[in-house]
Amino acid sequence: MQPDLWSLYRLMLYSRRFEEAVAALWHAGHISGEMHLGIGEEAIVAAVVSQLEDQDAMALDHRGTPPLLMRGVDPVRLLLEFLGHPDGLCGGHGGHMHLFSVKHLSASSGIVGASGPSAVGFALAAQHLRPGSVAVAFFGEGALNQGMLMESMNLAAAWHLPVLFVCKDNEWAITTKSATVTGGNLMNRAGSFGMKTMAVDGSDIEACWQSAWEALCQTRDNGEPVYLHASCIHLEGHFLGDQLIRTSRHPVKEMRKMTGPLMRSFAKMHGSNVRKRMGGLRHILATIQNIRTQMSIKRDPVVILRQKLHGEELQLKLLEDKIDTEIEQVLEACGLADVKVNDE
Amino acid sequence: MNKVRTLEFDEAIDDALGQAMAANPRVMVIGEDVGMIRHNLLVRFGRERIKSAPISESAFVGAGVTAAMAGLRPVVEVMIVDFIGVAMDAILNHAAKIKSFSGGKWNVPMVVRAACGGGYGDGGQHEQSLWGWLAHIPGLTVVVPSTPADAGGLMLAAIESDDPVIFLEHKLLSPSWLDFMGRGGRSTVEFDVPPTGTMGECPKKWQPLAIGKAACRREGEDLTLVSVGVGVHRCLEAAQELAKQRISASVLDLRSVVPLDKDILYEQILKTKRLIVVDEDYQGFGLSGEVAAVALESGLKFSFARVCTKQTIPFTRHLEDQVLPNTQRICAASIALMQN
Amino acid sequence: MNKVRTLEFDEAIDDALGQAMAANPRVMVIGEDVGMIRHNLLVRFGRERIKSAPISESAFVGAGVTAAMAGLRPVVEVMIVDFIGVAMDAILNHAAKIKSFSGGKWNVPMVVRAACGGGYGDGGQHEQSLWGWLAHIPGLTVVVPSTPADAGGLMLAAIESDDPVIFLEHKLLSPSWLDFMGRGGRSTVEFDVPPTGTMGECPKKWQPLAIGKAACRREGEDLTLVSVGVGVHRCLEAAQELAKQRISASVLDLRSVVPLDKDILYEQILKTKRLIVVDEDYQGFGLSGEVAAVALESGLKFSFARVCTKQTIPFTRHLEDQVLPNTQRICAASIALMQN
Amino acid sequence: MQPDLWSLYRLMLYSRRFEEAVAALWHAGHISGEMHLGIGEEAIVAAVVSQLEDQDAMALDHRGTPPLLMRGVDPVRLLLEFLGHPDGLCGGHGGHMHLFSVKHLSASSGIVGASGPSAVGFALAAQHLRPGSVAVAFFGEGALNQGMLMESMNLAAAWHLPVLFVCKDNEWAITTKSATVTGGNLMNRAGSFGMKTMAVDGSDIEACWQSAWEALCQTRDNGEPVYLHASCIHLEGHFLGDQLIRTSRHPVKEMRKMTGPLMRSFAKMHGSNVRKRMGGLRHILATIQNIRTQMSIKRDPVVILRQKLHGEELQLKLLEDKIDTEIEQVLEACGLADVKVNDE
């Protein structure tokens, strides 16, 4: 089987542009609270979601926008939800971490790891009511330290449930390098529950598509869980307004605010010895530096896919313009026609 | 007419559950050891519908939530309510909230079934009641039956409910749970089991019993005793004692903690002007406070006392008997309340 | 004399915590992202004592319990109190019970620190208060400060306490949490932040503030408003409004939900004969009910109302503002109560 | 290093006899509630506990009696606790699932899996306050499906904590064959967190002692967690009064009670098809049969060790008599001198 790269590019770019608009609206103060984007995860999400069938279910984490858009949720209703509008997907009651679509059998949660039990429940219902359907769980690598997700893997294996566990590994959980708080390796961990495991470069849509194809076939045909591990990157950091990203983008301004209290505390009487204090300081600087390095890595799946398609500039331009227009129409339909969305 | 027969408390629940399972193939049971604990259902419905789970409460209660959303009607057992701690996120942040989050568009028709309560000397991690604690979370229905007939009817109603229902069965009322956790086949131990709670007449064909309707188990003039579960029977005993001292007590069996049947509560308080809440769950920030607040909000004036569990339940039987609400404490509180 | 300075709410807490850590090498901080969230403490005490954890709340809160039993004084952060669901077993069945189980021989001097509360549009899984819920469990102390000076003093007291203390800091009062979860560096959003709660005079050297003593923030004659956290400031605003209509309201800041300062409560109710509990936590089976019950038990006669959160908190800001207790609702309830 | 088999036999036999007395007292109605014994686990427990040092800590599950006895807790105070006496180990407030000894840094819990976090906390305190000390977590194989225990393994690995995780695998969790609800294999599962793992036959005290010795050295010296998996058997079933054991011991009597309702339910109108009903029935019969088989297996570690020592009958007799006397003295000290403890 071969993926249709154009339709995948369409899905990914649409999601990207939509989330960019969301980001602008959030920065402009139209959207409240936290906002976690899936920017950087589009390839693995598109690879999986584009191959789902009608009655398949999705259990989503705090980055539910791309999967829902790609699954066909009305973008206007999705955006209205973020805006807290009564016509939003959930009547404005959920917000971006609590997105639910009965029609698409899709449920999100803002609780890290909760997509595990959620997918198991969907798969159990599929086993009884919709044989041949599967459930997908999306989550980050940090979530794999959450007990309920590990329990869910065991449950899916023990009950022979068609769950595809998709780990989007960006190596970070908010400001924590996951490797520093994680023992062993996650492929082994998932595999130890008796599941088949696969790893893929999440910035390479073709590889992702291929892996997702195999994984979904196996899950669907054997009625057994599969674990798919995709490396990726969050180009906008953990969430919008991410302090680390702010600091990495505007080091002088942000560090100035931070430095005074930090240095005063560093120099304060009573506390640990200098070596330990230095260790703390190094940790903070290393974290900021790490984020900077990560951000500068060229692993944007949308850019990479575009390069693959680069011979066909005209078709690309047509598609890109079309998506821009569509996004504009979405904004218009949400009553945001005159909101400038491109100034951060 | 609907014929009757005599059933034990837990038989009644399983019988109603069996009726629901027979009527609707979407109803299933999930939990640890349900293959043995529900063996009578197992041989009728098979292992796909009586589904044994690993010791992974957070996963399988959480799975119950989406299974319910996706069309099943799971009755998820967490053995005893004390174990719900490990699955609390699924209850607090998912089962209870998804209807609201989805703008009312998605329901969670799940029943969480658990044994609860003490009185058999198993210590404070295995004898909690917790109904008032769970009731704090908006979006949950909390049912606590006190008789076999109620238990069966409420189980049926819980399964038919489109929203999550916590169904608590008191171990002193349920012979199989009491044998499992307290008696273990021994004839050498005794428990203060209320006979009318543990065995009683039940309909041959179950009808759902509307959740949220309290039952007045005894009409009195001087004070109103309000309770659920085993507490109801303790109140009835106390009322008999009190009658000897010419104190006439009403006994109200709430049957469900959420929703609270306010009307019948108001009626009784209006009549007796004295209210005592008898609650085996912890005293603070629970059922007794809520009943007080609800009555006060309605503008009623009345005097008030409560007989509840104030601390972690001690293991040793004689302390346990003092810590859990007992007839003596109820009588003492009643007499004290009559004096002011 | 103890010099004073002006600190923000969260600065005060961390400052007191830093003082405690400097004084006692057994005090340590555990939690997700504490390396960044507590970076000022990190550069003073190092990574062994500001310990970053994986997203494994049940394990590290549970570990906090025995670490405390074995001689440390851990301050365990669960980020926001909503996440305590996944760690509830450690709280319900361990932290709260071990002193009792051990016959009083073993203490759990652990602080569980969490941000709480809403008012910035983050939805119902991230804006809960839950203090009244936690308070139901015997064996826990639950602290909810409303000013920087109280917050620092109570943190010190919490660390010095030999029993487990839940320390809740409201996100609207804590600039760093509000920036983290609501503002994200934006100047385009506004929040109804109570200025006197978020910044205030603090002692240069912290003294523990006795847990369990309420503060009367305003003396009035006609009615008593009782609250904690941000609610206290909403009450104070409401009291000012009410004063314009010649209604004189007392405002009582409980500061700790457990223990409840009953004496000052009785005093105020006795004086004003009208009681309104303003509670950002859920209404049912919580703080408002407990306050009502405690007052009734003491034999006081008074009229009662409550302004609380009755449902899952909706995401959209305008509904959220109505669902959380606000000044208008407090005023309306007060005026209604004056009329009967 | 070589174990001193005599002192191990002493520990194991003492624990056995003590628990047999407890069983008799429980059957006689002197002890309330559930009662989980460690009968059958004595070898692995003795192997580990006998090699602990003064400041080491123990996190116990619902079978805390043997480890506490072997650690040196006063047996009189332990038994008084079971009897609910104010002079009991916990003043009668805890009971057999909630045993605590400050002096022995030992804490139990009746919540399955809770010994994981508990040991991590002890080890963290050791790291800060008692360097060189370790914490042991005892638990069953069923507990390894509990999220908090898996989280704890990760935490111990990530934080480099000296925790010895001891899994006493009897293959059962109450009435559930753990294999039927467990995916993968538990050695892999534990190992996937990056811990060293070891497996041992839990009925062979010499092997247990050797494994425990290695495991404890590693944990202590490297300050890293180790996982030790010991197969064992619960000769008294899950707990006293275990329905399965009752049925297997008195099949006619117990099955008679069970059969009527079971057969009525089996034959009831409305329900699943015959195949599924038969499957349910088979499951119940197989469970009872399985327990019978398990019970008849000769894997009693006390018996096996006694056989090893069999040349020295006199010394054995002396020791065994001495222990009997000691147990009698304990009963006497608990005011139970005239309670016959040997009739079940």
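Going in written order, the chains are labelled A, B, C and D, and every chain counts its residues from 1.
Heads up, the rule we're going with is that contacts are C-beta pairs under 8 Å (C-beta built on N, C-alpha and C of every residue); 3 or more make two chains touch, one makes a residue touch a chain.
Keep in mind the model is a prediction, meaning the values are calculated, not measured.
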| query | Which chain pair is joined by more contacting C-beta pairs, C-D or B-D? | reply | B-D
| said: Among all chains, whose Cα centre is located farthest from the one for chain B? | reply: A
| query | Distance from the CA centroid of chain B to that of chain D, rounded to the nearest Å? | reply | 33
| request: Could you tell me the distance, in whole angstrom, between the mean C-alpha positions of chain A and chain D? | output: 44
| message | Can you work out the whole-Å distance between the CA centroids of chain A and chain B? | response | 42
| task | Scan chain A for residues touching two or more other chains and write them down. | result | 88, 90, 92-94, 98, 109-111, 145-148, 151, 154, 158, 180-182
| request: Give me the residues of chain B that touch two or more other chains. | output: 48, 53-54, 56, 58-59, 82, 85-86, 89-90, 93, 97, 100-101, 123-125, 312, 314
| field | Of all residues in chain A, those that touch chain B in their complex | value | 57, 59, 88-94, 98, 100, 102, 105, 107, 109-111, 114, 116-122, 124-126, 128-129, 147-148, 151-152, 154-155, 158-159
| message | Give the list of chain C residues in touch with chain A in this complex. | response | 18, 21-23, 32-33, 35-37, 39-50, 52-59, 82-83, 85-86, 120-126, 179-186, 188-189, 312, 314-319
| said: Quick check on the complex: what are the chain A residues that touch chain C? | reply: 26-29, 32-35, 81, 84-86, 88, 90, 92-95, 97-98, 109-113, 142-143, 145-148, 173-176, 178, 180-182, 239-244, 246, 258, 261-262, 265-266, 268-272, 275-277, 279-281, 283-284, 287
| Which residues of chain B touch chain A in the complex? | 25-26, 28, 48, 51, 53-54, 56, 58-72, 89-90, 93-94, 97-98, 100-106
| query | Contact residues on chain C for chain B in the complex? | reply | 58, 82-83, 85-86, 88-93, 96-97, 100-101, 123-125, 132-133, 135-139, 257-258, 282, 284-294, 296-297, 299, 301, 303-306, 310-312, 314, 340
